[in-house]
């Protein structure tokens, strides 16, 4: 669909809380030296090359790094949060929500299932089961040849992951792309897409601050695929859907006159 | 599904703004002498008899009539609003939203597409086209034998209606039951269902304070069908989906031991 | 939805191949002395009591037991087949397919994913992964409070089952009710619903001739729930959707005249 | 998604019955001098340029022009038929069906709703209402910014069309892109997509041998968009989904051992 070319790269903003990086500094420094958001951004950049311009934004920045200028020039936003959902300013959430409805793509990662932005787009609790037990996760593709699943094995195998299990209280996805399993027997709808307004939303669960999941090549592949999948239409105008008041009728007197003269209202057709 | 019986009628609460009844008193007195909510409630009661207990609630009441006691004993809530969406208290909206996720059914009627409760459940703008021109609306069933469409003609014909047209900015319905047309050529997805958590939501567009639509027998029939369709499960516990932390694994050592001894991990099966 | 009452019980026909009962007579005699179809029928009858009349039909009977008389008086048909899919007469398949489109409900069980009737309703290969290794299956509910999941634990636990795994090549279900897991890490969309014409189709995977799964109380519960869920509308006419040729227009000259005189086609409304 | 580039154009085969061109020769010669299929092919070629190689195939050719060589080198097939559905050889239909499940895209146009290939992919009657009365059709986009709707007005206006109306007996589309209206008040789900196996199917109703619809620039635009939307994944292997027998388990003893030692099966977690 030619969403981006060398001449018009897709602008990607990778948002991260950047809190665990300080609260669990030692552990995180080993896994994610520049922060999880930096690792995610590098993955996207290295896989997509000059199809994208990637930048990061974090909670601690003014407006959490999501100023009008940044949002208005972002084609796809990725969101990772965990311990700081409450600290995200409601006004910024509202801006991001509006920008999604206007056409910006959104990737929601792991514990961001509980982010304000995801819950406001979904309308459900987004709750789930979880267990922190260094589990193995298998990610199975249930929609073959879906662009988000391009280039990854069936299943993807991730050694070292937090278990997420059903019931995952989300609206029925428009598309279910992945289902994951864990050694305890839990299952989880780990790759789901929805449309909201003109924007495309992709939730992808693998990824936890306690494990090196965002270095995993298949996870990086899925995120890169997801970014391209969620990219706005090349001709996107970024106008949110809005009320249209009192438009004139589109059918005209000439339209009605053209109907074959033999057919009069009330005259029953034959079955 | 036995949602209600003579012994356990379904409790239905019909919520109305009751503002036009005062602002356009003369016009409304002719159409809806006791208020639109009363007409809607009567329609439900007369069609469903002792399968239901019906009461009304209005904006001007304490907590808009939606106290904990009322909500906790409501199986299905219907909502009509238009000029007073802003006046609905956010705390009440949150209670209603939570109760839907816990299993209460919700019917959203006509201009309530812009109600706070509908927009928070949907996550979209819910905007549309409209024209106030005493139009004729035809309501076509696109899901044959759906319980909501039981007992109404194909199409339902409503003389005297406000035009609602696409684009209707909603998430893709779980089920599209009706599509409407108007003389100007406009179309509208006029009967849509979604699940949110354990609750069922039905949006039905025909109905405007300026026309006697809620007296129309087919419109009353659809609303009654919708109420029964949206009723909670007979065994509903009305607990919202919630986080489950650190559950024990469900697979046991015995489970793994039972797998046929000849099959070892790594041994490739034949295609 | 009051689909059946003491006065009008739902007619259920349980179809079985009845081949393994002879080919694996010794093993089957222990598990299913009267045949798998008899066990399934007994489960339905004992859970639903006088809401249903249950009968069985088998491959070896004239027209496989699915004469016009039987089909025309069947509200819900259940189908289990495995080694004899090829032996089902195409003319009978066509009759069953037409009856589903006309409103008869259909439950498709386990290896019947490869039945002619299921493949013709789905349009896909319906292929999957499988392993016969006396596995443990966990069946998780992903649509809370869905009538098909009524009264069963989360998850259902079945000790002794054949593994079915993704990719399950089916159209995206209208509703995904259950996802199963197995000790090898495999997952499977084990409870799926679709509408085809006026009929409702429910595929449920647990159940294999090699294991006593159809005696499992939770499996019996799901099958009984599925039968009631799939029951035709009380007012079903059992006419298949058909072409309507040359109907008269529904909009009349009076409709067009009623549109507010101030609004002329071509006159642009304001946004 | 970069489905095609100058180096690897998408191969498109435009299939037409080529019967009306002879049966209604005079009328068709005015509208479609080289046949409808030629007009459709020219539209695709002129809008997509070197992104595509376009060829045609017709009923009268050996294997209806759909030899193994042609099908194996076709990325997207378009299908228009009307009076000759019965004449299409079942063996060819089966090959086309298999190729769709393997990843070939398929556009189904107008009266091809009754083609063998569409009915076998859908599993429903695909029946509808129709009236041949030189009507005006308005095609409304209900999924904003969908690639298939790129570059066309809201609504598309077609003067001179056959009316198609609901009930259109199809499975619920994966995506509903367009809804059409006609002066008689009829509505129709005129742009629908489904996935079948690895293939993408797009049904688009405007277009009739009696009207110059396939010369309409917006109709040509939608068809071109649909072709690009339906294109197979760049890495498509064109292997149909198939059974996988007795794969080894993917979870290993090491996986189970890694689970945190404090967590034993049966030990209940806290909520």
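Side notes on the structure shown:
Chains: A, B, C and D, in written order; residue numbering restarts at 1 for each.
Just so we're on the same page, a residue touches a chain if its C-beta (ideal position, glycine included) is under 8 Å from a C-beta of that chain, and two chains touch if they have at least 3 such contacts.
This structure is a prediction, so every number in the text was calculated from the model and none was measured.
To overlay subunit C on subunit D by their CA atoms, one rotates by 180 degrees, a value rounded to a multiple of 5.
The greatest centre-to-centre distance from subunit D, using averaged C-alpha positions, is reached by B.
Here subunit B and subunit C face each other with the same set of residues for the most part; over half of the interface numbers are shared between them. The distance from the centre of subunit A to the centre of subunit B, with each centre set as the mean of the Cα atoms, comes to 27 Å.
Under the contact definition stated at the top, the residues of subunit C that touch 2 or more other chains are 131-132, 136, 138, 143-144, 155, 165, 167, 169, 172, 174-175, 183-186, 195, 197, 241-251, 256, 259, 263, 265, 269. The touch graph of the protein chains shown is complete.
Chain contact summary for the complex, subunit D toward subunit C: residues 97, 101, 120-125, 127-132, 165, 167, 169, 171-172, 174, 183-186, 194-197, 240-251. Remark: subunit B residues 136, 138, 140-144, 154-155, 165-169, 172, 175-176, 179-181, 183, 185-187, 189, 242-253, 256, 259, 263-271 touch subunit D in the complex.
Partner subunit A is touched in their complex by these residues of subunit D: 1-3, 103, 131-136, 138, 143-145, 147, 150-151, 155, 157, 159-160, 174-175, 183-184, 195, 197-198, 228-229, 232-236, 241, 250-251, 255-256, 258-260, 263, 265, 269.
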